């Protein structure tokens, strides 16, 4: 195939390009970087130190009222590779939220789904559609898409936790909806377990018969550290391996807790490490216990409790434990899987 | 439409019928009872008393060795409406199994799935594909289709439990396979929890990440009474109702524990009763705790711990508690649902 | 393990057995043949000759009015291995139905699902929930569970076809329901295609947007020979093989046309044969075109158009074509698959 | 709740913000527009005229060889509301591709899925993993994620068609992979139907038995206008309505043709219109036949064959036919549905 017949001059081409632009068209052959051999990943490996997050959150607690804007005192992790977008990786929002004693963050709901993971403290409870979920260290609390949620701190001590949202994905799909709610009187004499947990948290494989469940997320809204710790211990015991990994799942339908986010927790014994691994889609990890190192792409981070780590798509990552590590993480793997775009690679 | 043109004589008809029979054909118009307005249910409401079952099982234990035939000392509940077939209802086998101290029932496997529910005692453990599952009062233990299973009683005391199998369904489908296995040395120093439970029983909604699960049944093979009891208590607490009902489910995929049998447990507070209810397909119930009455169709049975109750298809049933009742039951509802044949009716 | 401690006498044992019988119990160890190494298949390989079926159906047409009983003039294939049960194999009813000119078989519905396969003739139409489906040679017509159906023959010529029902399975599950309907005036000027076909039969992969479909069966109720023939031809062409095999499927949800029966058609070129194959569950085959032989288990049948062949569970079967064979068949494979009981074996 | 205790000065706040920025954090309360009451939709209603697209494509054909860059002579529709991004709506790429006689666009594959819809001409064929798919007016041709595809024009006449890709979604998920392939010798004596069509295009509900299908897209890769036209005609006939709508579906599994794009076609009779409708997620429509008007959001476009119309997320849209309209469209509805983010609103 020869192209000799194409005797176009620069002026011809310029004229064509000009006219294309006038008609809101662009020539593909001038567009570079659309289809890359491997993902041209937005975002970079990064780590926010737990110590910094705590200090800055406390300072924000001193200086800024909870209702100054957005009704939440939240510091968003902004991946330096994302050109100022307030996202930890290109598909996940991660942040720390801080609530002083006797403060409340009032009710609202939004189509982006959120979850909270608590790395220290206790005392706040989150109401999800009116159901009070106490929050404590190591707990995972879900506020699924379009559920009203509010946070109350009836005690004196401030509390901080990590928020993760699928906001970048929902925004990219032009599907963000938001509504303010009517906050309830904080019930400081609330039951020790939420209704959600009393219905759906009885035990492994025990679900209420004939009780309606929500259409697209786990009906169990809180996963308690005592259970998680026991399950990690049991898995290490039965496998004889030096690390264990759990997935948080919907106890009724099976599968991930929400259609956009997969939640996992790993325990790595002191001296051990996980195999290097990568997958399409982003991940945010958060250290609950222990110290060690996280390799992400070409970066190596010393890690400690409260650290938040950004693992961009297709970046190799690996944890090495100096002391026994418990690391919670969230990925958008269910999105990639649903769309036939999930790839993994080991080593 | 007139039939006057049909001038057939009795002799003509007889000749036709004779010739049809010779060709292995039958005239539909002479077949009665094939398509009935409502199910022409095989089997009748029935109740086997726990006291009788215990005494007869003990006597069999005195008289008959475990290896006399079938390698199991089992008394099968034979519904008097089933013309001698050894089934509790037309689609479910129910039986009591009895193992003296230091006896074992050797390994085998079969395509019919089985489960064990324990109404008293402890000390036996069942090995499922080599995984030792201790059996105790109130526990449900699964031996799914085509898993090797054997029962060991390392202690001195005899033990008895209820077996339920989907054998009638599998037999009706001409799909029974059976194989003997190599029994393992009884490990009386077995771990307090099975590998199955350590992998899959960590807590509600907590499942191992990346661990293969079996293709068509729950990977969790034992459901412990302590969990069940706590879940029933929590459900009564949250619902404020006078009865609670749980379904045993697959913690990884959701749904029933096995494709042919649904397992449920109900707690009915003293003085309360359940609503009358019926469904297509059979059910076998077993009283764990408490006393009261069971209405099944036109029959009313006084019930007590250890009783086994047959609820035939489309028979109304209802429990009334004199003292607090805990009733376990098994139905073939997953079969009816999968085939589009499940119907229910309340009241 | 020794049994010397069991010093029971015959009298002891007899006494126990007597008492067990009084309590509606049977000792497992005296029950033989419950759990067999391979399926103890009820039913035997068999073949009903198309010629016989036609002659006997015609004779029944002469002698017996359609409304003599059951409102259908149907001759049921009775497998000689099934002790008189009117079933072709233990899980499937097969029969020929015969309608003289100007006769009608009035409307009714039942929970057992039915299908019609036509090996000769035309002119009758079946109304399914009022939708008229013309029937012609090589067509498959569905009357799914609980749909009203009636057959009209507005012309002068009689017509015959094969009926297959899942009745044995539904009866074994005690789930047979039946209701008579109000037959419609036969509309002899009916549209050439049913509403079902106009909605769902547009072409491969083309389905109406936003049109509700029935919950558990294909919304397409007729599969026309012209399409089937073309698809078989195309498959032979593309594969280069000497036989082709199609599955009839639900065009909207995919999968089998009904939850209890899988419909397939095979074309085997003259001189070719299919590989020997067996599977759990029963099958009924019906020859549309061609001649050859069918091996089923230990039997070999010469086959010709209109023949109906019973393939019991786990029996090896194979077709050999003398002239090009088109063979339609129905199996209960979806039932076995749904229950985790499907096994196959080749060769 | 009072905020009087917060005595922060501007300087304090500035200091905090400065330190947050240094730690790659942003205060949520200063981020505006993240959570909007309704989607803050990127992109605007727009229409590219078929006449313009044809003329500009022809001019590009005269001036630019097919291999100048990207190996495709493609003009990308650039929604003027997307700040220069070459996308028709924020989640879909749409473009026209132009191939002169005797040109070829060589083989490559990419994780973004593509489809082609042809509004005029014929003669080109697309090879998908080596299977030649002839392209003609009104046809839909799929090149699913990660399938090699190339376009050959063996004739003298040039040809143009519309490409739609899910590229914006795959790019947002950082999951773009690309690979060049080895182009095959153009086989101008190719079979009139592709292997894909001979295997899977036999007729409605007819699928090959036992033939493996691809994991996450329709195995049928071409949907022919003759079938589509017949199905639209039949639907209008059966419904008695003035418009008909089809969804292109996977003939084996049911559901959409690819996990990221829903393909539909509507016929609106002259003088009729569709109901106003909106949904989350974007849509690209393309006029095949007829003239009329498209209302999209606040805009009204006169439409004619070859026009491409951008319908952004949550924008109301409606077609009004002056002469009978056939309009093909693609949306990302399967993505929104899979993630629990699909909302619709009529009127």
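A, B, C and D label the chains in the order they appear, each numbered from 1.
Heads up, the rule we're going with is that a contact is a pair of C-beta atoms (placed from the backbone, for glycine too) under 8 Å apart; a residue touches a chain by one contact, two chains touch by 3 or more.
This one's a predicted model, so the numbers in the text were calculated from it and none came from an experiment.
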item: Chain-contact steps, minimal, separating subunit C from subunit B; value: 1
item: A-D compared against A-B, more contacting pairs; value: A-D
item: Chain centre separation in whole Å, for subunit D relative to subunit B (CA means); value: 52
item: Where subunit A and subunit B are represented by their mean Cα positions, the distance between them in whole Å; value: 43
item: Centre-to-centre distance between subunit D and subunit A (centres being mean Cα positions), rounded to whole Å; value: 30
item: Residue numbers of subunit D (touch at least two other chains); value: none
item: Chain pairs that touch, as defined at the top of this document; value: A-B, A-D, B-C, C-D
item: Contact footprint of subunit B on subunit A as seen in their complex; value: 193, 195, 197-210, 218, 220, 223-224, 227-228, 230-232, 234-235, 237-238, 244-255, 257, 264
item: Sites on subunit B touched by subunit C in the complex; value: 1, 3, 6, 8, 12-13, 16, 19-20, 23-31, 34-43, 46, 48, 52-53, 56, 59-60, 62-70, 72-80, 86, 90-91, 95, 102-104, 108, 110-112, 145, 167-179, 215-217, 258-260, 280-282, 312-314, 332, 335-336, 338-341, 343
